[in-house]
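These notes are about the structure you will find just below.
Letters A, B, C, D, E and F mark the chains as written, and numbering starts fresh at 1 in each.
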Amino acid sequence: MSKNIIEEFNSYREKMNERILATDNKILKRIFSVDSMAYQEGALSVQTKELLGLMGSLVLRCDDCVKYHVQKAWQEGVTKEQIIETFALANVVGGTIVIPHTRRALEFLESLEESSSCT
Amino acid sequence: MSKNIIEEFNSYREKMNERILATDNKILKRIFSVDSMAYQEGALSVQTKELLGLMGSLVLRCDDCVKYHVQKAWQEGVTKEQIIETFALANVVGGTIVIPHTRRALEFLESLEESSSCT
Amino acid sequence: MSKNIIEEFNSYREKMNERILATDNKILKRIFSVDSMAYQEGALSVQTKELLGLMGSLVLRCDDCVKYHVQKAWQEGVTKEQIIETFALANVVGGTIVIPHTRRALEFLESLEESSSCT
Amino acid sequence: MSKNIIEEFNSYREKMNERILATDNKILKRIFSVDSMAYQEGALSVQTKELLGLMGSLVLRCDDCVKYHVQKAWQEGVTKEQIIETFALANVVGGTIVIPHTRRALEFLESLEESSSCT
Amino acid sequence: MSKNIIEEFNSYREKMNERILATDNKILKRIFSVDSMAYQEGALSVQTKELLGLMGSLVLRCDDCVKYHVQKAWQEGVTKEQIIETFALANVVGGTIVIPHTRRALEFLESLEESSSCT
Amino acid sequence: MSKNIIEEFNSYREKMNERILATDNKILKRIFSVDSMAYQEGALSVQTKELLGLMGSLVLRCDDCVKYHVQKAWQEGVTKEQIIETFALANVVGGTIVIPHTRRALEFLESLEESSSCT
């Protein structure tokens, strides 16, 4: 069942990202390309950048963005403890208003964990 | 199936707006009436005002408000290209945090487009 | 059917709060404990504090936080009229962007009202 | 010197509110009138409503709105302890991002306190 | 004296934008270039786009962004009435929390008006 | 002159933090203590945590919080390039609305840089 949360998120995201690019709006295309460039290795590692993306997404309380960066961080080898420390920091900076988003973020993280251990 | 997204949104919205007005709270009633007055033709056209409402809703990331203004703009004859340029501007001003909301906004817009071409 | 909205909210909330505490992150634990301390009787009554929590949640547009404080306020004996005046004030301060959240908040409040009158 | 913070705030606020009304935009006028109606005695007392306004202003981090509601609450006889409990709750709900605004809010509150004791 | 608000804003903005570009960070450079592309004539006119930028800036309550778009809109020939209708709409969508920003926005707009009529 | 920005920020911050603690509100005290605990070495380094704090502060657009974390990161040996990459990421996630805050953040960072090279 946990696989569903992940697959549902990814398939909708991919489908609609394609449709956004299909509108052929050049500004939206540039934003998408700047977005992927921004998370590439630089003075900061990819792992740190994904955690920064997660932090920004949590305090701005965007569940889909949170899911995306939890997944990316996890795929890049960031540990569960490091992701949870980022959750904690976001709850400090952003307040208890972040708690409901932390619930959904943890559910997603533990689904990723489960689905990796299944294989 | 695309009709469902539209109908579901509109029927819940109408049902609950009625219940809000049924509470007979005079401040809520005034807000509802100021809200409809604000989008009427003035120094700016109804079309421009709906796009301004859409812009505000996108950067504040309120999906229901976005749907409402996409629908109103569409009904007022704003073109798909104009709505998408508003999406693009909202992603510039509000950042990539607006992308997930743009996905749902585009899905709603394309549902409207489909359902108009069906008739 | 209204019971479902309430039970669904509470059971997911409880399940995931337990999982958050189970991560054993000491910052998250402290935030949870500060959070419950903050709403205890002091210079302000518990009722007023729950309404303040509701106000903060409405203007920050966090549906789950809104549900939580509507429920707590209701359990503490705050009246429907007082809760609705708080909704109204949140719509004044936070703008029409709060309306969709007010719809869901009112639906939740009226579900609580129904389910109390059933017993 | 503390009198300056208060007078500066009030004189600029009054001067510019007059200029806003002088634009003769009917929507802005309505918002101003709904705004003053919303804080009048109802199911909730004026004191509670001012604290709700303060809470909303703090979590949305609007320094001028915070000053305004601190002043109104103070004038309505809300105690320093009650205002500070509202500050505390806003820091819980809104996070440490509210701290810098709490600094300025406390400075304003203590200026009001000083200037009342001077007379 | 009104000229000072305008000049102060523009000179600090230009000086620091240059320093941002001087850091030679390619992501920041791209954002700056996407930003200027986004406001160019397209399916929507430059005037409408500036008003959209103003709307986004007002509801997100960024005073500097508001000043920037008020100035650009004014330079592009948008009338005072149209700018003020955008202020009004932003106060409807974003709530009374936008009022203090509207004060500063109007002061800036009327300074622009004065300084144009001086020449 | 650059020293002034830094000293002004720090002296006001320290003075008012003391006054906040002097109110003897136990919730505010706990928040202050959770806040300092949260940035201590754990699964993530102090440097990474300061950058996360900076990221959260930038996207939530809190200038004082930004200054605080720029200073802490700098003191912990985070490089200028790493801080600027965090600025860039915050502008991607949070949008062009973050630009004015980036101007002030860079000015503060370069003041720190200057004042360290002076000694």
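The working rule: contacts are C-beta pairs under 8 Å (C-beta built on N, C-alpha and C of every residue); 3 or more make two chains touch, one makes a residue touch a chain.
As the structure is a computational prediction, the values presented were derived from the model and not from experiment.
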Type of subunit B:subunit E copy interface by residue overlap (half), same or different: same
Could you grab the centroid distance between subunit B and subunit F? Build each centroid from C-alpha atoms only and quote it in angstrom. 37
Please report how many Å separate the Cα centroid of subunit B from that of subunit C, as a whole number. 27
Subunit C and subunit F: spacing of chain centres that average the CA atoms, whole Å: 32
Residues of subunit D touching 2+ other chains? 27, 31, 34-35, 38, 56-57, 59-60, 65, 84-85, 88-89, 91-94, 96-97
How would one label the connectivity among the chains shown: line, ring, star, complete, or other? complete
Name, in rising order, each residue of subunit F that touches subunit D in their complex. 12-13, 16-17, 19-20, 23, 25, 27-28, 31, 35, 56-57, 60, 62-65
Touching residues of subunit E toward subunit C in the complex: what are they? 59, 91-98
Flag every residue of subunit E that touches subunit A in the complex, lowest number first. 26-27, 30-31, 34, 37-38
Could you please specify the touching residues of subunit A with respect to subunit F in the complex? 34-35, 38-39, 42-44, 48-49, 51-53, 55-60, 65, 79, 81-82, 84-86, 88-90, 92-94
Which residues of subunit E touch subunit D once you look at their complex with the stated criterion? 61, 84-85, 87-89, 91-92, 96-97, 99-100, 102-104, 106-107, 110
